[in-house]
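Okay, handing you the structure first.
As written, the chains take the letters A, B, C and D, and residue 1 is the first residue of each chain.
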Amino acid sequence: KERLSVALIGHGFMGAAHSQAWRTAPRFFPLAVEPEMSVIVGRDGPRTEAARERFGWKRAETDWQAVLADPAIDVVDICSPGSSHAEIAIAALEAGKHVLCEKPLANSVEEAAEMTEAAVAAAKRGVRSMVGFSYRRVPAIGLARSLVRAGRIGQVRQARALYLQDWLADENGPMTWRLDRSLAGSGSLGDIGAHAIDLVEHITGASLTSVSGTLETFVRERPLLADGVGLSGTASSERGQVTVDDAAWFLGRLAGGAADGAVGSFEATRYATGRKNGLTIELSGSRGAIAFNLESMNELAFYDAAAPAGEQGFGRILVTEPEHPYMANWWPTGHTIGYEHLFSHEVKDFVDAVTSGVDPEPSFTEGLHVQRVLDAVERSAADGSAWTPIP
Amino acid sequence: KERLSVALIGHGFMGAAHSQAWRTAPRFFPLAVEPEMSVIVGRDGPRTEAARERFGWKRAETDWQAVLADPAIDVVDICSPGSSHAEIAIAALEAGKHVLCEKPLANSVEEAAEMTEAAVAAAKRGVRSMVGFSYRRVPAIGLARSLVRAGRIGQVRQARALYLQDWLADENGPMTWRLDRSLAGSGSLGDIGAHAIDLVEHITGASLTSVSGTLETFVRERPLLADGVGLSGTASSERGQVTVDDAAWFLGRLAGGAADGAVGSFEATRYATGRKNGLTIELSGSRGAIAFNLESMNELAFYDAAAPAGEQGFGRILVTEPEHPYMANWWPTGHTIGYEHLFSHEVKDFVDAVTSGVDPEPSFTEGLHVQRVLDAVERSAADGSAWTPIP
Amino acid sequence: KERLSVALIGHGFMGAAHSQAWRTAPRFFPLAVEPEMSVIVGRDGPRTEAARERFGWKRAETDWQAVLADPAIDVVDICSPGSSHAEIAIAALEAGKHVLCEKPLANSVEEAAEMTEAAVAAAKRGVRSMVGFSYRRVPAIGLARSLVRAGRIGQVRQARALYLQDWLADENGPMTWRLDRSLAGSGSLGDIGAHAIDLVEHITGASLTSVSGTLETFVRERPLLADGVGLSGTASSERGQVTVDDAAWFLGRLAGGAADGAVGSFEATRYATGRKNGLTIELSGSRGAIAFNLESMNELAFYDAAAPAGEQGFGRILVTEPEHPYMANWWPTGHTIGYEHLFSHEVKDFVDAVTSGVDPEPSFTEGLHVQRVLDAVERSAADGSAWTPIP
Amino acid sequence: KERLSVALIGHGFMGAAHSQAWRTAPRFFPLAVEPEMSVIVGRDGPRTEAARERFGWKRAETDWQAVLADPAIDVVDICSPGSSHAEIAIAALEAGKHVLCEKPLANSVEEAAEMTEAAVAAAKRGVRSMVGFSYRRVPAIGLARSLVRAGRIGQVRQARALYLQDWLADENGPMTWRLDRSLAGSGSLGDIGAHAIDLVEHITGASLTSVSGTLETFVRERPLLADGVGLSGTASSERGQVTVDDAAWFLGRLAGGAADGAVGSFEATRYATGRKNGLTIELSGSRGAIAFNLESMNELAFYDAAAPAGEQGFGRILVTEPEHPYMANWWPTGHTIGYEHLFSHEVKDFVDAVTSGVDPEPSFTEGLHVQRVLDAVERSAADGSAWTPIP
């Protein structure tokens, strides 16, 4: 079997998740090529070497440009901070590497647009690119999409998409790079709100055309981070300024697909006490509804208004059947999967597209669109929540 | 409209519930006659008078025999302790009064058999009788019965019926009359297990034919009750012996109806910490399943194995639609009912039967059968859980 | 015991609910006076007479002004359409009758302001008034309020209050008076959104100070109603214009109480397929959270961030304990109540206030404030969702 | 880092799960040695070679005895059918290999006893053995155990442990080797009931001392399996006899630990329509309760009766915090794990024990005990459910 040589840029949370996916996907999905975990790249030599060992890569490097220049490398998987995406992705595409880039595509619309331009040009040369909205690969989301696209809930009138976390609820929790606009681009909005946007559009096939948004920073100053652990960390005695949104709310008008004329209400927050990873999506249609909660990601609730009167109710589908997307390749019915599996699905789909010579989804164009929605929300918020068109 | 004059015997928890039902049922259901809350009967004069005022009866009496002798009385509603049921019910039936008798029908099979004999004889004279298994009147139970009887879950193979309460979980909780065998007949088994038995048979149309049972008393001595409140009360310094079962478990074989050849597993306990009124019923059939929990009594879960593969799941039906039993007469869809409504449904059905000249259900014969099951469980438990036929 | 003579204006859904409450409250709560269901008033003689019999009132009348002139009447309970509230309430207060008025207080801010003025003047003469936001009387809401006011969830940062119904999801469902702006004043916003506003403010003690709102009418033309049943009805062949909002969304800034500086997100819709009476409230605070859903109204979810790390979780409290508001007067622990009980609680509180000589809550002033919020939402929606202060 | 060379016997469902664990555990947990996936063993050469490639082992072999003779092999991981466990495990232990053996330890008490004898003897020579009750490694189960052992639910009085599956609910589903007593040893009882037994004892530290059991085979004849897929498969036209139990129920008395004097009720079935992998455990104690459902394996419900009156409720703990067993090594809070992670935990614990020179848990002695319980249930069932002591 041919090899597909992969370079991973970054070794944080996403680097760990992608590593596990590159190692696991070929064991559970029949891929046309055998991915090779060739090189992991980071800025700090010793930390990158430690990550190499822990994550199981062959080689560690600190110079991403040198890696891009290596003709043996087929794929560049970008898991570094958003501010670095554009430079690396564009260079990789120009070097003829297929690119898998974590979301958000970039920290600005401008960068995302340049990346998209590069991706479109590269595609003409058979070089593929994909942005990593991994939640599209939740089997329950795939099932929701099939049901909605098949008309099972009729015309969608309303979408409710909330991404609720609570790791900032304690006002004494420390600063992290995610609270610094210069590094993170935005706060809840871009970090988690982006997922909500992408999923609603992905499931329904509709696009947001205009938004009315509001942003809020509840706690403007926090202790500086002494040492990072997971998403939060321990506090030091100095204090820093929070320069991103703590919470974002927006309404959007949708056009096209199964949700033409619908209104979507969105919330992204890190202050929803008790909600740890509460990405909830509810779509209300003329013939039914679906509801999903990432905290119970192996389940989908489906309300079928075509069921006999008196028998209608939200059914809790345990999405572990061989009929469900990706699930036939894992375990028998009733045996659940976890968060990391989404990345194995992503790798599988990416590799399939690369080896079949088709463009994978979501494309950079889709990533750019999400970026434009985020930007419109910020502009609306700055303009007193005025309705703002998505370009 | 003609009057139907009612005498209520007893003024405890059940007396209060029945009073509310006699007052309410005619306001929500079109009855052929107008029930009249004529007289309430208790042993203690002042307490009965207080109950009369509180519950809204015209007259209070302490001599139930005198009340039975009153030709103006049409119905005798028996809510006194189980040990008094037989004497009063038989006398009432012989006096030509229609009788509604709370469950359990009696404290012994012998008494229940005599009552049933009297009821059968009375029925020939047009005098009606009914035992008060009020949970049959939960709309969700009615819906479950319709679905099961219509074959929507196929052949029932297994029933799981648990009645979980926790008011004895604290070993320092005081004695009440319910823990004294001479007054209560049995413990969890008869008090709450009886409901589980009746519901499984009612929904499926099957009958238990043999059982294997176990009883347990976890705490054999408790502080005596100083003053009763609700189901428990406050403790005094003296201690009394618990002479009934704290918990009962039994398996039963079912014959007939939709559950021919099925096995039912039953539990009744007052030690299920955190479960307040957790009567849960699950029926597993060859084509589907239903699940119910009394703590969420306006809901029924229905699993339809005939739904398309990949779409099957337990649906949560909010049982508040006009299609659902009794519900068209209450509030609009989505507006729930509570515990006491079951008694209004019971009164409605009882009055309908009396005025239509048909025998209401559940009959004393059915009450006797439940008594026989309880008795067989006790005998099995005394015999090392040996399988014991129901006569 | 002294009598309190009541006149009920209106005999629709709310008339039925209030009737049941006037009949029931005195049986379960020790009131200082005995309410007397003296007269029911409607425009149509025969229908009012039928309601009189069904609901159990002594007398039926068609002339409300004559009823107000009757010195024997102590209380006027207004359940007629919103457009009639102002005239009747003001006349009743001037006639010295205590007034219980259903929500919304009026169909316009102007009327509500006049009513409030009349109420404030009447209060000085010992004449009481109250607006019927019955959901304040859900025991779980009372428990939520206690917890929040006691600081158990810390400083509230976010409120999420959605009122989800689905009776318009089918675009072929017929017109009702509730879809006609001239009769109903507004659509989802006033009908059900008003409850969401009142509850968030009631629980937290905060007030909305400004809002950004959006309204939408998804289906602008519907078959005319042939005959009304419940909230919907059967369709005729002619079609009518829907002139109210089908759905409303708004954000609001809160000041004062436990939610000073918080942001609330609100939605009211009749298109949330599968949600029948889904009034959900979630409050996220710095030390915990509460969540409530009216479809499971005997439950409250409480997240205590002060619990030990690793043990925190949303606890499902079954709100049926004697410690919970109103519940000691109903049934033992674990025995649930239903929708109609809220009105018994309302009558109890209203009568207690009247007999104690204090002003009941919520006052007309509070009802006027809710009206002002609704009005600001409408103005904001008409102004491109611009943030609009509440006067 | 030193290598630990592993041989895997078997390449079915369990072989796949163990392979993924050997590959994954060292990437997420700091192990003292580096496991090496050296050789996979199966009876059929080509199928074993295919498994080798798919599961990622270095070498494929068909002669397990030759593999045991290879001095380079350190660990033998037995995932072959239960009937082969004894021979392989005893030989491996005698050859000085550490053994990880899937449950059930054997198909008979006799074999299990011999294996245990061999394990005890091997332990004296520093050779370790462990039986694979993987559900002990669910973080929520670990949390439950900590809470129970710390006395947080007081004295446990009742255990309810049900393992509900539904893959036989359809009577036309085909035979598999799991329905053949000569291959599988028993049916639901040993396959899934064994887990329920082990978990109740593991969490509470108590042991079952006697049981009263019942077995049932609902469908005695089924179409023969044409081709196996997952747990079921497609049917052929011939029919075979089902020679194992479809469902098993038993009560057991517990002694010791936190559940001294408690009664446990157990059910294992493949006919619980709609329940896919419904292993539910509820423990009711004098001061609280815990409840768990494998279908939502990242959650634990905990009821703390020491919480203030009126605030008690089953809390849903999302078991994804760094404080929870194993979770600090996976993903940030709120990011769930799946079924296969349990095997990574198992490998981690096994390797830790081997490298630390301590005996891992659960030991063969514990596996033998479970086997004795299963045997006692079968003997009780054959003896009319008579209470049968566990030797």
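One rule holds for everything that comes next: a contact is a pair of C-beta atoms (placed from the backbone, for glycine too) under 8 Å apart; a residue touches a chain by one contact, two chains touch by 3 or more.
Computed from a prediction, not measured in an experiment: that's the story for all the values here.
*Asks:* Which is it for copies chain A and chain D: same residues on both faces, with over half shared, or different residues?
*Replies:* Both copies, chain A as well as chain D, present the same residues to each other, with over half of the numbers appearing on both sides.
*Asks:* Count the C-beta pairs in contact for B-D and for C-D, then report the pair with the higher count.
*Replies:* Pair with the higher count of C-beta contacts: B-D.
*Asks:* Could you tell me which chain lies farthest from chain C when each chain's centre is the average position of its Cα atoms?
*Replies:* So the farthest one, by centre of C-alpha atoms, is D.
*Asks:* Whole-Å distance, chain B centre to chain D centre, using C-alpha means?
*Replies:* Taking the average C-alpha coordinate of chain B and of chain D, the gap between them is 41 Å.
*Asks:* Take the average of all CA coordinates in chain A, do the same for chain D, and state the distance between these two points in whole angstrom.
*Replies:* 35
*Asks:* Calculate how many whole Å lie between the centre of chain C and the centre of chain D, each centre taken as the average of the chain's C-alpha atoms.
*Replies:* 54
*Asks:* Quick check: what residues of chain C touch more than one other chain, meaning two or more?
*Replies:* Correct list: 312-314, 318.
*Asks:* Report the residues of chain B in contact with chain D in the complex, numbered from low to high.
*Replies:* 153, 157-158, 160, 162, 166, 169-171, 212, 214, 216, 218, 247, 249, 251, 261, 263, 265, 267, 269, 271-275, 282, 284-289, 303, 305, 312-314, 384-387
*Asks:* In the complex, go through chain A and note every residue touching chain B.
*Replies:* Contact set of chain A toward chain B: 143, 147, 300-302, 304, 307, 309-318, 321, 323-324.
*Asks:* In the complex formed with chain D, which residues of chain A make contact?
*Replies:* Touching chain D from chain A are residues 13, 17, 19-20, 23-24, 27, 54-56, 165, 167, 229-231, 276-278, 295-298, 318, 320, 322, 330-341.
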